[in-house]
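Chain naming follows the written order as A, B, C and D, and within any one chain the residues start at number 1.
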Amino acid sequence: MLTFESDYTTGCTPEILKAFEKTNLEQVSGYGADKFCASAEEKIKAACNAPYAQVEFICGGTQTNQTIIAAMLQRYQGVIAAKTGHISCHEAGAIEYTGHKVFELPQVMGKLQAKDIRNFVEIFEKQDAKDHMVFPGMVYISHPTEYGTLYSLSELSQISETCHEFGLNLFLDGARLGYGLMSYQTDVTLPDIARLCDVFYIGGTKVGALCGEAVVFTHNNRPKHFLTMKKQNGALLAKGRLLGVQFDTLFTDGLYFRIAKHAIDMAERIKTIMRNAGIPFFLESPTNQQFVILDNDTIERLKKDVGFERWEIVDEDHTAVRFATSWSTTNEDLDKLEKLLK
Amino acid sequence: MLTFESDYTTGCTPEILKAFEKTNLEQVSGYGADKFCASAEEKIKAACNAPYAQVEFICGGTQTNQTIIAAMLQRYQGVIAAKTGHISCHEAGAIEYTGHKVFELPQVMGKLQAKDIRNFVEIFEKQDAKDHMVFPGMVYISHPTEYGTLYSLSELSQISETCHEFGLNLFLDGARLGYGLMSYQTDVTLPDIARLCDVFYIGGTKVGALCGEAVVFTHNNRPKHFLTMKKQNGALLAKGRLLGVQFDTLFTDGLYFRIAKHAIDMAERIKTIMRNAGIPFFLESPTNQQFVILDNDTIERLKKDVGFERWEIVDEDHTAVRFATSWSTTNEDLDKLEKLLK
Amino acid sequence: MLTFESDYTTGCTPEILKAFEKTNLEQVSGYGADKFCASAEEKIKAACNAPYAQVEFICGGTQTNQTIIAAMLQRYQGVIAAKTGHISCHEAGAIEYTGHKVFELPQVMGKLQAKDIRNFVEIFEKQDAKDHMVFPGMVYISHPTEYGTLYSLSELSQISETCHEFGLNLFLDGARLGYGLMSYQTDVTLPDIARLCDVFYIGGTKVGALCGEAVVFTHNNRPKHFLTMKKQNGALLAKGRLLGVQFDTLFTDGLYFRIAKHAIDMAERIKTIMRNAGIPFFLESPTNQQFVILDNDTIERLKKDVGFERWEIVDEDHTAVRFATSWSTTNEDLDKLEKLLK
Amino acid sequence: MLTFESDYTTGCTPEILKAFEKTNLEQVSGYGADKFCASAEEKIKAACNAPYAQVEFICGGTQTNQTIIAAMLQRYQGVIAAKTGHISCHEAGAIEYTGHKVFELPQVMGKLQAKDIRNFVEIFEKQDAKDHMVFPGMVYISHPTEYGTLYSLSELSQISETCHEFGLNLFLDGARLGYGLMSYQTDVTLPDIARLCDVFYIGGTKVGALCGEAVVFTHNNRPKHFLTMKKQNGALLAKGRLLGVQFDTLFTDGLYFRIAKHAIDMAERIKTIMRNAGIPFFLESPTNQQFVILDNDTIERLKKDVGFERWEIVDEDHTAVRFATSWSTTNEDLDKLEKLLK
């Protein structure tokens, strides 16, 4: 069946399967101490233009968020996130499970605002009872956000400056980073992110890998004994090569960017198809997730032939739904979608 | 110096000191298995009109909140509280430290609204991704609230009904419960609370004891192995008598209510004094905490002679401040305050 | 280079790569709700002869142990393990990180004894201060153990009976289960394990998969809201198919058992080679890990040509070392080893 | 009834009650920022001969252990204790509840040996897989131990040297410290402890107070943001004066030492009584807890008239029992005991 349910409905980009085959019999050490991870690290550092970065590979997104946040916060600190941030609502309390509070700030189109962060921290700092409160220690943003939206370079710079003015680490969740970087409407590059954030990750699972996220500590700031804490979080794979081979492949000859660009192209065509079909957008997304409003009858009718995700109830008769593209979306898929919407 | 800084600036009601002296040489077992705790439990059950209640004593408020919430929630559950609730902002993340999320809902005068709880849970229930989210398992309210305000019987009943409709435990933090019960403007009684809540506590520390809170599980619903979990939270005292003797005294001949009533009378006189001095109220509080707005010059002047707490910045020139009364506030104190405000 | 360093030095059995390719473009839902996981579950239930079992897939071993133990224990309970158990010493405190104590019992050749478990629980039950102690709630064993040794059916039955007599869950860590089942010297079958344990896992990472462990709740006893707790532990993969495809392949036409058998055959030949070379065994292992004692000069010499793991210091001049085989070990590898040892 | 069940069966030394009365109406700030705490801190620093020490007051023993250990350990570290240590077995897993492992080492008469600590750490340091293990970060000892025994100055010095050689913090649990210091058979002084340990506490609950333990960070090494972490552990009292007044009293005119000395004198007389009655000792205790072996018939007979604690089963017919003295034990009590034993 035709589906746009998510960007993780198919397997991985074929180059990865080829790399698995090619390297399968090479014998390497476990736990990330292998040449594939080492090579992937070098390529990622180069792509980030961040010679002092350190790269770590972790299997999935929630695990990455949990492991990074718990390793970088002091015990008395919490993390600031948008009310709609992934860690705020869709990770089953994985951050709180490690003992840390998530401060939920308002969002605009899924994005935190530098002024809201500043305001929050300034109010905190003025409290007489400050020592009875959780200290803000980190800011978590995602790029693209839950709504597929993007920070502009100016917004990201302001957030970065605000964080560093107040001694907060800035952590960017890039589960879908490729789509953000290849959007037609962004002025933010990978080196910008490496320069402005303290830590971020380059998502693999949702951008063409079978699994895996590449965490970048941008300025030689990986916490001491990180491997032990990673293990303690259950995030250390025995066959570290599984992640090394994938990221080494994705960062060879620009594959990561190429497949992300393809998904963006497909998403742009979806926009056109929707617009032509007179379907209103729930919000303007410049990335691979497109949110439109359908009436519930149309949803029932379409559901038989095409997969998509219900996102939010708009009113009694209408629902916002999401169509996502990926490396494996084809023009033939879109032709079919176009026909169905007529 | 004259101070209205809080309701815990002095020691305890003299009857408690007398009881300590009287019982000092009696030899009893430790860890709460003593006759004072047993007697206090019976008296509290009677005062609550709750024959199937179980009573536990814990030393302080944050510890009580942490111990109760962590013992009653399942691992995948969180607790709903007002954004201004004590557990939300003034307990240094003690709830998250035990692994549980605090869902922060909007408040009106420090109070949660039944309709907001309903709305929150209904939205949760409708989520496709519900299993990726923390499950609401409990509602936490305080009575009086952080702002000294009170739930009406009708409001409390609605919250109770909403909780039970959705299978949520209702937990009432009564750190200042006495003042709530003796307010001139309440229709809520202790038996009402015992009937409507699943668990609540009767505050001692802020109502005339040296320390201690009496937790009431209202309907034979104390969690299995509660003593062990209490110990695990560091909340089990070897000399359990310390709490037993105090609560036995407070619940003998209505002492708890009498000293709370005295503090309310004093607070009502503060209201009159403030009104007469033309000082505006920050909000209408029917309990022992009175919040007024002072200009910053007045604050500087007064500060030399009288203690009070800065509560919230109102504007550049004005600050909301709190005056609290207790069992030990005297009319002489208020005469002095009246003079200072002239 | 020739290496016997571990059973995870190479990639995966080629059938898995083929299955990845074959299924790569099939579109399925995420988070384990895909047909590959469903099919793998059915095949595993059949292989276990456990129609009421429930199967869950998790990426790695430590994560599996942490997720299972934290989900099955009550908050006031701990888990019993051998002093040499993986959770006791080689998981960086991942169990304690979730708040639970590991009770370390003595071991014989890496194995727990039913009588030691009984003794431990009986002493616990007799304590006056029992409620001030962690309650034993689960027994954790591994099969094969850290030392490659195996429980006999009689030993396993006794442990199972003891556990169930005292209301403890029995959890078997089968990170290397295939090698245990295909050992020349075992009388324990997969259905035996499913019958005697409450939960266990069939290791993939160390038995021919790229990653993944298949957890079997043997009698419809998967904890309520397990998916949410799995997510909370960071153990829920978006592309659940990664694990489903692998286990579906491993449990098709007995592949799992076939590759495990191959590793055992290779290990048996290593035994012969060692014996012929006059090298003493550190202990008798019936599985794919062989432990021998080498003098340190020999270690230095061999190290240049062959990889193996230093295991334990025996005396100043001798060290116990481990040689492990896997699906990818070949007779040519062993010919080389034989030559090197001469 | 006559009882020697524990050293916390009665209330507190009368001087404390007097101090409560005297200070009851003095108005002070909350959370430990009061003059009583300040004065107690100075007196304790003087008694310790430790001008750079910092003193914190916490309500009970388990809470103190939990708060100190969790505040001083890094996330990847655990604490070393005797297998019979209080944190190892009688705190319901309070340490593990904060995420940290307790390494249980063998004990001799309740005491850790410097050589066992050294051995444990040296083995840890030599592990290839060290990063997959919990790092030892602290050593916990109690003085007196669970068995009433004491470290000699030489033993304590050796442990201290070993700890500091390996960068471990040394934490001494002094729940019964007074009895250790006033033993007839000790060469360890309070300044010795302050000089040799990094942190320790002076027990109040079991040495004449109603509650409270005074934690001494010996060399200006209180962890940053300790107040916030204390609050997070539920260990911060609103009426901090409760602890300040008690410790200020106990450390005025040597009261703490005087009442401890009295209990020791009483314990020495118990020794004589037991010896004269031909009752064998379970072990030689130089402090206020005396352990003797009684046959079970005698236990049944005595139980009607005198309280004591069953400690350990010796054989089918005999049990080790504990008799404890305290500030409130009288010669009349001992006369009665003597008569009963005849």
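Here is the rule we use: a contact is a pair of C-beta atoms (placed from the backbone, for glycine too) under 8 Å apart; a residue touches a chain by one contact, two chains touch by 3 or more.
Computed from a predicted model, the values in this text were never measured in an experiment.
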Reference interface A-B: repeating pair among B-C, C-D or B-D with over half of contacts shared: C-D
If you tally contacting C-beta pairs, which comes out ahead, A-D or C-D? Let me know. C-D
If I average the CA coordinates per chain, which chain comes out farthest from chain A? D
So, in whole Å, the Cα centroid of chain A is separated from that of chain D by 51
If you average the CA atoms of chain A and of chain C, how far apart do the two points sit, in angstrom? 33
Centroid distance [mean C-alpha coordinates] between chain D and chain C, Å: 42
Residues of chain C touching 2+ other chains? 76, 91-93, 97, 99, 131-134, 228-229, 231-232, 236
List the residues on chain D that touch chain A in their complex, please. 31, 70-71, 74-76, 99, 131-133, 135, 225, 227-229, 231-232, 236
Any idea which chain C residues touch chain D in the complex? 76, 78, 89-93, 96-102, 104, 126, 128-129, 131-134, 309-310, 313
Could you pull out which chain A residues touch chain C in their complex? 1, 3, 5-6, 8-12, 14, 17, 20-21, 23-30, 59-64, 66-67, 91-94, 97, 205-206, 210-211, 228-229, 231-239, 241-242, 307, 328
